[in-house]
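All chains are identified by letter, namely A, B, C and D, in their written order; residue positions are counted from 1 within each chain.
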Amino acid sequence: MIRIGVIGYGYWGPNIVRNFCGLDGARVLKVCDQSEKALNRVMQAYPSIETTKNAAEIVVSPDIDAVAVVTPVWSHYELAKAALENGKHVFVEKPFTSTSAQAQELIELAEKKNLKIMVDHTFLFTGAVRKIQELIDGGVLGELYYYDALRVNLGLFQHDINVIWDLAPHDLSIMDYLIKEKAEAIVATGERHLNGLEDVAFITVYFPQNVIAHINVNWLSPVKLRTTLIGGEKKMLVWNDLEADEKIKVYDKGVKKVTNPERVHDMLVSYRTGDMWAPQVERTEALQVEMRYFLDCIQSNKTPFNDGHAGLRVVRMLEAADKSVRSRGAAVQL
Amino acid sequence: MIRIGVIGYGYWGPNIVRNFCGLDGARVLKVCDQSEKALNRVMQAYPSIETTKNAAEIVVSPDIDAVAVVTPVWSHYELAKAALENGKHVFVEKPFTSTSAQAQELIELAEKKNLKIMVDHTFLFTGAVRKIQELIDGGVLGELYYYDALRVNLGLFQHDINVIWDLAPHDLSIMDYLIKEKAEAIVATGERHLNGLEDVAFITVYFPQNVIAHINVNWLSPVKLRTTLIGGEKKMLVWNDLEADEKIKVYDKGVKKVTNPERVHDMLVSYRTGDMWAPQVERTEALQVEMRYFLDCIQSNKTPFNDGHAGLRVVRMLEAADKSVRSRGAAVQL
Amino acid sequence: MIRIGVIGYGYWGPNIVRNFCGLDGARVLKVCDQSEKALNRVMQAYPSIETTKNAAEIVVSPDIDAVAVVTPVWSHYELAKAALENGKHVFVEKPFTSTSAQAQELIELAEKKNLKIMVDHTFLFTGAVRKIQELIDGGVLGELYYYDALRVNLGLFQHDINVIWDLAPHDLSIMDYLIKEKAEAIVATGERHLNGLEDVAFITVYFPQNVIAHINVNWLSPVKLRTTLIGGEKKMLVWNDLEADEKIKVYDKGVKKVTNPERVHDMLVSYRTGDMWAPQVERTEALQVEMRYFLDCIQSNKTPFNDGHAGLRVVRMLEAADKSVRSRGAAVQL
Amino acid sequence: MIRIGVIGYGYWGPNIVRNFCGLDGARVLKVCDQSEKALNRVMQAYPSIETTKNAAEIVVSPDIDAVAVVTPVWSHYELAKAALENGKHVFVEKPFTSTSAQAQELIELAEKKNLKIMVDHTFLFTGAVRKIQELIDGGVLGELYYYDALRVNLGLFQHDINVIWDLAPHDLSIMDYLIKEKAEAIVATGERHLNGLEDVAFITVYFPQNVIAHINVNWLSPVKLRTTLIGGEKKMLVWNDLEADEKIKVYDKGVKKVTNPERVHDMLVSYRTGDMWAPQVERTEALQVEMRYFLDCIQSNKTPFNDGHAGLRVVRMLEAADKSVRSRGAAVQL
């Protein structure tokens, strides 16, 4: 039985608590939040869970084995550090930390103490991303050409981080997971219109071998869109996460290089078009799968693939994107 | 009666000929193309139009008042120059020229000769763009925040120009038309996968006063998408050009700056959400409207808004995008 | 404080309990279900609510003021009758009863005892239906022409009622609510393919003054569709209940009778086409609104519009549809 | 070389002429129309085709081998009869005739004279219908359960026929083609709102072995919809004819009869859900395929599958639908 303390019971915390409560092998002992109202909601829904306004009660408690940090990003480092120093495994909300230096320090601390860090890149546990990974790793798409994600909606509710830190971690963690090579450089552009933080941004990520990724994030869109195009040599796919039933469509479409040297001034590329196929996608709640994996990593002493290093890679890309935006698109090497 | 010569009868030329033929006040005298097959199609469809393989027959003919240049972009400059030197008004396919120097020279030549140049930015004559202009100019959207265009499909059929020069002129000419201020700088990224030309590209255009525009063009998309988001202070709109009936949707949605200094650490922005409205959009064929306007500009000695200067601004942005792509996103001032 | 007993904790019962628990002025005292598992779920979620397997404990309890009957339709009559006989108000799941005779008897019993019956026609409390009612009653649509509902999905999970009794009560109750005149006759067709019950059915409802309604219900559809077209003299609307944001679209489209007697052999009808408009629709949970209304009707001694008579009208239409299906479409007068 | 005369050059006639002109082996000699304007359009587009206002000139001409009758339905019988009597093959617009007696007479006349009748059920030659036929005949869908077609739009432009005769022939001819057994009976309902003709109608067609078909036709719909659901034992499909690229979607979804007699009071049906697949659909213009087939049937002396008998079956269903509508849904045997 792994005993859990949860710090933060705002928007996402209730999902963390609910999912841990539904798992055999875990027990949520205590929840911390600054808000009286939030703690009342905990007490009403889970009379057996203790509550506190003092995070220290959780990070030092000898009864707690693992701490979930579900607070704003600026507080992740201090809380995770204290938890690790007190011998607790940590599950940290994305983005992992505010700086790559903080992430690096937490990784080293966890390794020294032989503790697990898991960064909550929830999307990696969705049926959609797991199906896409299966298609890429199984060679169905062939050599990758590009990854192009659109994640926009009306949603300027942050006042400590910009739209890049709010929305892009999803796509950065997914592309980091799906594309085997590591990102080389980032170019980002964006603009501020309301509260001094970028509310619209466009991020290009360069990978080796001409693979290019792009993320369009926007807090000022009248419509919610969650569409990712992935182009490969053999097949191309469209992932529309807002579709209830056909989230992933795989197209048997492509272009072929024509190498006939005599036709060099004619058409150099030929087309191929065929059927479309929408594979069934697993519907299990991603967070549940992720948390079972967290418990399993602790119990079996395995390193999760969404560990501190994965979290660090995303933070580095966010830092690079911020830096690039401020210099109007200058490429930042990773 | 304005007598027209048309050079180029490939993909777009037949639309030019058909539309001129349908207008009172114009007569197509001669069509030129290198391909025997193309000329046969002209003869079959329009027995009264003369055909030739020699463009010079059109540009020097004393019977021709205006020349439509509907050929690949690398030939625009020579053909338009010859036509202007021979005293003919010119209608030039987009993009105007291969370089801004060429564009500049043609503009000066036309001004010296008091001849009209019209660049075929057809989209400016669609019901959709005219309706959007009406909404922007009428203050319905309020102060503009961003312009974000997606123009992707499977379509690598060019071997002399990249995807930027193929697809972006549409969006660059539209944003140049809709946004009153002139673009300041461009950042572009992209990648080549097949024939040595960029087939995927992402272009950011910076305008004064924090207005930012973005264009996503892609020849390797399995699906055809033509969606533009425009965000304004008062309202936001989505233009989906592939919709048959509701091309433009205007959303009464937005965010408001909250200036209460006491709540500075709380929510700084409030939301507004209301009805959506899809204004009826004129369905007249854009090219017909444009050509009637071309005739009218000649007859009334008016300068078209899609003149050489408009064409030049687009060519400058294309040059800047190319330059930026090659330096991985370095901003290029306009 | 109105004290509630809930009978039935299967698919819908939990929503009833949750919503009553969230309302001031109501308290759920006891929940009854035959299934041990269901009662365990009650105890876990609501430790303070008593549970029982014996419905009689609820219907005779002197501590209970109102009973919610959320069981299969064949049991509604017995349970509601017992509750009314014991002086309790009743809230009954749709369809109200298995026969119109039962419904009639319950109505008379309630009237005699001065108790309220509310039939759970939840859809009448959705933002969408209330907005449509507002548009119809406000004269926006003009004189009604037709009401055409499509409600299909993969869903053959009933073995006591056919697809008509399962899905059509939604649409029958909505059209009964929206159309002021009372239905005159019903024609229905359908077919059985799997378990001896109709799984596909098509119902036409005739109203006075040429108003016609149609419902298409199907348990064997590969896709889930929930679309209603409503045509009026002035405007027409499409209600797509699966749309997240634009559930209702009002079209300024129509046809006009041309009465020029000289043109009697030419076009008799002219078209009108204009803007489309998607009014914002209230998102409050319908069931919550309905239950607050139930409490309010009891407290203020008001007759709900979704009372036993409304329930009876729907049951009569269901009976008529069944009868018509069995005689291959013979019209059944109401 | 088959020499063609075309009677009628209104909405559909120009497509007939254009397609015959594009085929080797056919030559359009003469076109007839009552309207001077229409004939001018012929002369402008096809200077070599003769024109006339007198249909007799076509039906008696010794130079003409086959006549295309593209006029309003009330005139089909007289024109086709005259053409057949003069030894000409006939291609007749749908619906074939105004009455089944007329159709019967034309069939007998053609058989006596050994001439071909082809009824223009164009949809049977679309890539979509041919693909669906392939799926049904190949056993992919398994035993058929239902066929449900929606064909609605704003379009009340007929003043001699109602919405059933205008729109339903498409679906009736398709279902007659796809479903191997012959229709047994028809139930139809509908209503008149504007010009004394049904503008909304709902048609049920009963086939042997519990196969049921339904057609929803409406001239007063604010939106254009062309969606057909086809349910089979093994797979189900959705055909959306307005989709540009994915017209047909085949769903690996279904329900299974559970025959375990012990569970007879539990769930009787189990679900199956799997991938979706959109086969590529041929894009060749249907009319061109049909006309090539017309020429081929004449040259090879083959009986077309869309012959007079097919046309007659559709007319019989239209007559039955009209009769049923007038008696409010009484079933009419075929």
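FYI, a residue touches a chain if its C-beta (ideal position, glycine included) is under 8 Å from a C-beta of that chain, and two chains touch if they have at least 3 such contacts.
None of these values were measured; they are calculated from a predicted model.
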Relative to chain D, chain with the most remote C-alpha centre: A
Interchain centroid distance [CA atoms averaged], chain B/chain D, Å: 42
Averaged-CA centre spacing for the pair chain D and chain A, given as whole angstrom: 53
Euclidean distance of C-alpha centroids - chain A vs chain C, Å: 42
Residues of chain C touching at least two other chains: 223, 245, 273
Topology of the chain contact graph, where touching chains are joined (line, ring, star, complete, other): complete
Complex interface listing, chain A residues touching chain B: 145-146, 148, 150, 152, 154, 156-157, 159, 185, 187, 189-195, 199-200, 202, 204, 206, 210-212, 214, 216, 218-223, 229, 231, 236-238, 249, 251, 253-255, 257, 265-269, 271, 273, 324, 327-331
Chain A residues within the chain D interface of the complex: 245-246, 273-280
Residues of chain A defined as touching chain C within the complex: 47, 223-224, 242, 244-245
